[in-house]
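Next come two complexes, and both contain chain A; in the first it sits with chain B, in the second with chain C.
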Partner chain A sequence: MTPPVPSGSWPRAPWVRRLRLPTQPLARHLVLALCGAAILYAVTSSLSPYNDFEVGEIALYVIALAGLSLLTGLNGQISLGHGAFMAVGAYSAALLMTHTHLNLLIELVAAIGAAGLLGLVIGIPATRLKGPYLAGMTLLLALALPPIADKWSTTFGGDQGLTTTVPSAPGSINPEEWLAWIQIVGALITLVLLANLLRSRYGRSFRAVRDDEIAASLAGIHVARTKVIAFVISAACAGLAGAFLGLSTGVVNTGEFPLTLSIQLLAAMVLGGTGTLMGMWWGAVLLVYLPQWSTSLSGDFNLGSGASAYLATIIFGVVLIVVMIAAPTGIQGGLRWAWRRVWSLRSGPGDGTPTVSRHPA
Partner chain B sequence: MSLFVNVTLNGLANGMIFAALALALVLIFRATRIVNFAQGAMGMMTTFIASSLLGRGVGYWWAFLAVLVIGFVLGALVERVLIRPLQGKSELNPVIVTIGLLVVLEGLAGTIYGNSSRGFPAAYSQSGLTVGHTKIAFSHFDVFILVAVLVLMTGTLVLFRATSLGLRMRASAFAGEISRLLGVRVGVLLTLGWALAGVAGSLSGLLVAPTSSFGPYFMDLVLVYAFTAAVIGGLESPVGALIGGLITGLSISYVGGYLGSGLQPLGALVLLMVALMARPEGIFARPPARRV
Partner chain C sequence: MSAPSTLSERDGRTLRVDELRVGFGGVVALDRISMSATQGEIVGVIGPNGAGKTTLFNVICGFVRADSGVITYDGSSLLEHHHAHDLTELGIARTLQGVGLFAGLSVLENVMIGAQNGLRSDFGSAMLGLWRSSREERRLASRAGELLEELGVSAYARHFPATLPYSIQKRTALARALIAQPSLLLLDEPASGLSNDEMDELGTLIRGLSPRMGVLLVEHHMDLVMAVCDRIVVLNFGQVIADGTPESVQSNPEVATAYLGDEVHDSVTTSGMSENA
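On to the complex of A and B.
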C-alpha cells in the first residue's frame, strides 16, 4: 500500500540539534511558539491597522489549516467541507454574542465545542468510509449547511447575518492590533497543542491508521476511535477559526461560507505541505493575499470587475492540480528537502549516519 | 393529493437526470477506482458551449450532438492529461485533482461567460401535460428526459453485456494486469471509460440547464445528488445508478415539496449517511472482498 499524499513523519531536523533547542517536545514547542510570538509582536506593532487585520486573518486560517493538515496528512482522511465547520463555529459564537454577555473565552470554547460536536456526527459514519466516499459526503455537507441558516432566518439573521463584537482593547492599543493579537495567541496555542499531540501516542496511532488500518488494529489501536478523534479535533480547529473569522469580518452570514471556501482551504493546505503544521503559514498567506493579487492582476489584463473573483478561483484550482501532480509535499516539503541538501553538502559525504528520508523528492 | 402526485412526478424527472450523472460517476469508478468530482463541472462547461453554439444560430439538435462529442473528447483528455500521471499513488490524490479541475472549470466559465445566470432552451415544451381535465407537473420535456436517460442506460448495458468491446472494458477494469497479458489495450479502454462518462455528463448538463438557474455553479448540487445516487447503487453498477437516481430524486423532491427547498441538500446528506451506515457497499454490490 502506498502512503497517502506525502508522509508526515518528522525526523529530528539537524537545526534542532544545532540550535540546542530542548529535546523534550513540549518545552521545544513552547520555546518555538514564544519566538514566533516575539517576531509577530514586532511585526504587528510596526504595521498599519489594516495590515494588523490581515495578520490576524492569516493567524485564523492557520488554525483551520492545521486541523485540516492533521486530518488529511496524518490520518489519511479528507474533508471537502471544512468551511461548514467554520460556519458552525462562527454562528455559535455570534449567537452567544447576540443573546448573552459572556466572556469571549467562553464564546470561543462554545464555538469549538459546537464544531467538534458536528465533527463527531460526521466522523462516526466517516470511520467506515474510504477516501472518495468521505470526500463526497463532506462536499455535500459544505453545500447542505448554509441553506439551513437561510431557512430559519429569524434565528440566524437571514441575508444580513449576525453581528459580532470584539471585546474592547485595554489601554491605548488600537482595536485591529488587539484582535490580531487574540487571533495570533489562539493560533500559537493551537499549534503547540497539535504539535504535542502529534508527538504523543495519539499522533503515532493517527499515522499508523493512515498507513495501514489492518496492521494498526493488529497492533492494538482502535481504528474507528482514532479516526473519529482525528475528525473531531480537526472540526474543532475549524470551529475556532470560524469564530475568529466572524470577529474579523464583524458579521456572520451564509455568503461567507460558500463551497469555494472549503476548496480554498484544501488548496492552501496542499500548497503549504500536507501533514505539516508550520507549512500552514504559507497556505494562510495565500488565502489572505491571493484575492488581492488576483484583483490587481485582472486589473492589469483588463478582465473586467467580475473576473477577479473567478481568477482567484482558477488559481486555487491550478494550485491543487499542479501541486498534486508535480510536488505533492508542497512548499514545506520542498523547503525541508532543500534544507537537508544544504546540511548534507556542508557536513560532507560520509559524515554522520545516513538518514532515511520518507519524503519523496 | 395533487401535491403528492406532482412532487412524485417532479422527483421522477429529476431522478432520471441524477441517474445520468450517476452513471458517469459509475463508468469512471468501474474503470479507474476514482470518483470524478469534476464530472458536473465538465457537464456545466459543455452546456455553456452548447449555449454559445445556439447563440450563433446553430440548430438545437446539431448543438446537442456536437456537445455530446465534445463531452467525449473532454473526458478522454482529462483522463490522459490529469489522471494518468496519478496512477499507483494514494487514492486521495485523484480526489484533490478532480476538485481542482472542478474549480478551474467554474472559474473559466465565470470569466468567459460572466456571472449572471442566463436561460437555456429546452428541447420540448416545459408546460405540464393535461391528463383528463387536470394539468400535471410533467411536461413534454420531462418525457424527453425520461426517454433520453433510458436510451443512455440501455446503450451502456448493451455495450457492457453484449459486445466484445464491453467485455474487454470490464476485463480491464477488474483485472488490468491479466487483461494486458491477454493482449487487451487496457490504457485505451480506461480512457474510453472516461470518454463515455463525459458523454453522460454532457447529457445531464443539457437536461438540467433549462430547469435551473444556468450559471457556473448550476451543476454543484446536481453532482452531489448524483454522488448520493451512485453510492446508494454501489458505485459499480449502471442499474444501481438508475435505481439510486430515482431514490435520490424522489427523496429530495418530497423534502422540497413538504419541508422547503432549502432543506433538500440536508435531506440528501441524511440519505447518504443512512445509506453508508446501513449498506456501505451499496444495494447492488457483490459481497465485499478487500485485498490486503
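On to the complex of A and C.
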C-alpha cells in the first residue's frame, strides 16, 4: 500500500474552530436557518417596502431553485419544465383562494401537494428517460400546460387569471414586509428540510443513482423509486414557489409562467452552483435583479422597449457563460474555492492541504 | 454434472444454477449450464473471453433475462426477482468489473451505501433530521469506518475515489460489497489492474472471507484462481466443460485444449500478469 495522503480537513481560522456547528443535522440546519433569518430580518427592516417585496421574490425563487438543484445537481435528472410545476402550485393556491376561505397554510399545502402529484405523474415515465430525452419531455410539459389554463378559461380565469389575496399583516408591519416574511420563512423551512434529507441516506442514494445506476442497484438502491422521490420533492418545491409567486404578483395567469421561466430557473441554478442549496440564494438574486439591471442598462443606451426585453435574456446568457468559465462549479463553488484558498494562505505554505471532503448541503 | 462441494450443502445457503440458457438474438451465451456455490465455498468461474462468465453474473443479478432454466438462492428463485436491488436482501453482493464506485461520494459514503438498505429510519424522520435517523447514520458511518480500517484504507475515508490509486478504489468497492454482510459474494475480476503483491493480499483476503460467505470469483489471473478457489467451473462457448478442484481442472485435457493449457503456461512464466485470456 502506498503511504496515506494526509486526510485534509477544512482549514479554519481559530475563532471559526471554536464556533463549530453541531453535527446533528436538525440542530445544525436550524442554527444555520436562524442565522439566515437574523440576517434577512436586518435586511428587510432596513429596506424600503419595494425592496422587501424583492427580497420575498428572491426567497420564493430559492425554493424553486433548491428543488431543481436537488433534482438536476444531485439526482442527475434535468428538467426544463419547472415553470409548469410552479404554475400548477400557483393555480392550485389561487383556485382555493377564489372559491374557499381557508387558511393560507392549507392553500400552500394544497399547492405543494398538487405540484408534487404532477411530479409523480411526470417522474414515473421520467425514470426511463435520460439526458436530452428527459429535457425534451419536461420542455413539452412547460409548453403544454399553459394552453390548458387558456382552454378552460371560466375555471382558470383566462387571460385575466385568478386573483390572490395575502392575509392581512398583523400590527403595524407593512404588507410588503409581511409577505416577504411569509416567503422567507417558507424558504428557510424548505432549505432546512432539504438539507436534512441530503444528509441522510436519501441524499446519498440520490447522488449514487446520479453517478452509476447499475452500481446503485447492486448496492440495494431501488433506482426508479429514488428518481421518482427526487422528482416529486423537486416538483413540490416548485409548487410552493409558484404559490408564493402568485401572492407576490397578486394575480395568477399563464403569462407569468412562460417557457423562458423554466429555462431561466435552470440557468440560475447552474449559476448559483449545481447541487448546492446555499448557492441557490445567488441564483435567485440574479433571477430577480438581472432583468432590472438590464432594463436600466438598455435605458442608458436608449434602446427601444422591444430590445430591452431581449437584453435581459442576452445578459443572462452572457453572465452564464462568464461564470461557467470563471467558476465551473457556479458562484457557490467559486466562493468555496476562494474561501479555502484564503485560509490555506493564512495558515502558511505547506500547511495548506487541499480539502478533499465536501458536503452537498 | 455438478461436482460434490467441499462443505455439505445443508450447512450453508446455496446458489444453484440449473439448465440455464441465455441467448442474445441468435447467439447462445449460456447453453444449459448447471453449477452451484455454497456458503463457505470459493468457486472460481473461468473461461476464455466470451465464454459467458459475466453473462452468468448478470443473470444472477437480474440485469439479463434467462430464456429457460432455474437459478435459486437458499431455495428462492432469483429469476422471479428481476431486480438487482432485491439481491442485498437475499444476502447477495456483487462487485463490478472495473471499480463501479460513485464519483460524487467519498470513500466512506461509497462504503456506507452498501448497507443502507438495512436502515430502519423512514423518510419523514430523515427529512426532519430527527435523532432517530442521524443516530443510525452515525452508526453506519462508524461501521463503514471499521471495515475500511480492516481493509487498510481508512486513511482515505474522506477522499473522493477519482483521486485515489486503483488498488485503493478496488478495496473500497470490496468494502461496499462486504458491509452488507452477504452470504454470497460475486467478485467480477477483482484482481484486474493490481500488482502481484496486491494480488497476493487480495488472495489472502478472499480466503479469509470464506467461512462467513460463499464466493463466486470470475478472474483471468490463473495464479489467483488456483491459489484461492476450492472449486473451479470452466466455461467455454456458454457450456460448462469442467467442474472440480483446481488440480482436477488443471489436469483435465479438455480444459487444456480449450483454454487452460496455454493460459497456465503463460501465467506461470510471466508471473501471473497475463491478461490475454
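We adopt the following convention: the second predicted complex is superposed on the first by the 321 of 361 C-alpha atoms of A that agree within 3 Å, B and C clash if a C-alpha of one lies under 4 Å from a C-alpha of the other, contacts with A are read in each partner's own complex, and residues count from 1 in each chain.
Following the convention adopted for this analysis, contacts are C-beta pairs under 8 Å (C-beta built on N, C-alpha and C of every residue); 3 or more make two chains touch, one makes a residue touch a chain.
All values derive from a computational prediction rather than experimental measurement.
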Chain C versus chain B on the shared chain A, clash or fit after superposition: fit
A:144 touches, of chain B and chain C: first, second, both or neither? first
Touched partner set for A:321, first chain B, second chain C, both or neither: first
Which of chain B and chain C A:34 touches, first, second, both or neither: neither
Partner chain in contact with A:102 - chain B first, chain C second, else both or neither: neither
Dominant toucher of chain A (residue count), chain B or chain C: B
Contacts of A:125 with chain B and chain C, given as first, second, both or neither: first
Which superposed partner A:214 touches (first chain B, second chain C, both, neither): both
Chain A-centred angle between chain C and chain B, computed on Cα centres after superposition, in steps of 10 °: 80
Which superposed partner A:202 touches (first chain B, second chain C, both, neither): second
Superposition-derived minimum Cα distance between chain C and chain B (Å): 9
Chain A positions touched by chain B in one structure and by chain C in the second: 2, 4-5, 214
Complex contact set, residues of chain A against chain B: 2-5, 72, 76, 78, 80, 125, 128-133, 135-137, 139-141, 143-145, 147-148, 150-151, 214, 259-260, 263, 266-267, 270, 303, 306-307, 309-314, 316-321, 324-325, 328
Of chain A, residues touching chain C in the complex: 1-2, 4-5, 7-9, 24-27, 29, 192-193, 195-197, 199-202, 204-205, 207-208, 210-212, 214-223, 229, 356-357
Interfacial residue positions of chain C with respect to chain A in the complex: 61, 63, 83-85, 87-89, 93-94, 96, 100-106, 109, 112-114, 116-117, 119, 121, 123, 126-131, 133-134, 137, 140, 152-153, 155-160, 163, 165, 167-168, 176, 180
Interface residues, chain B side, partner chain A - complex: 29, 34-35, 37, 82, 85-86, 88-93, 95-97, 99-108, 110-111, 114-115, 216-217, 220-221, 224, 227-228, 231, 260, 262-266, 268-269, 272-273, 276-277, 280, 292
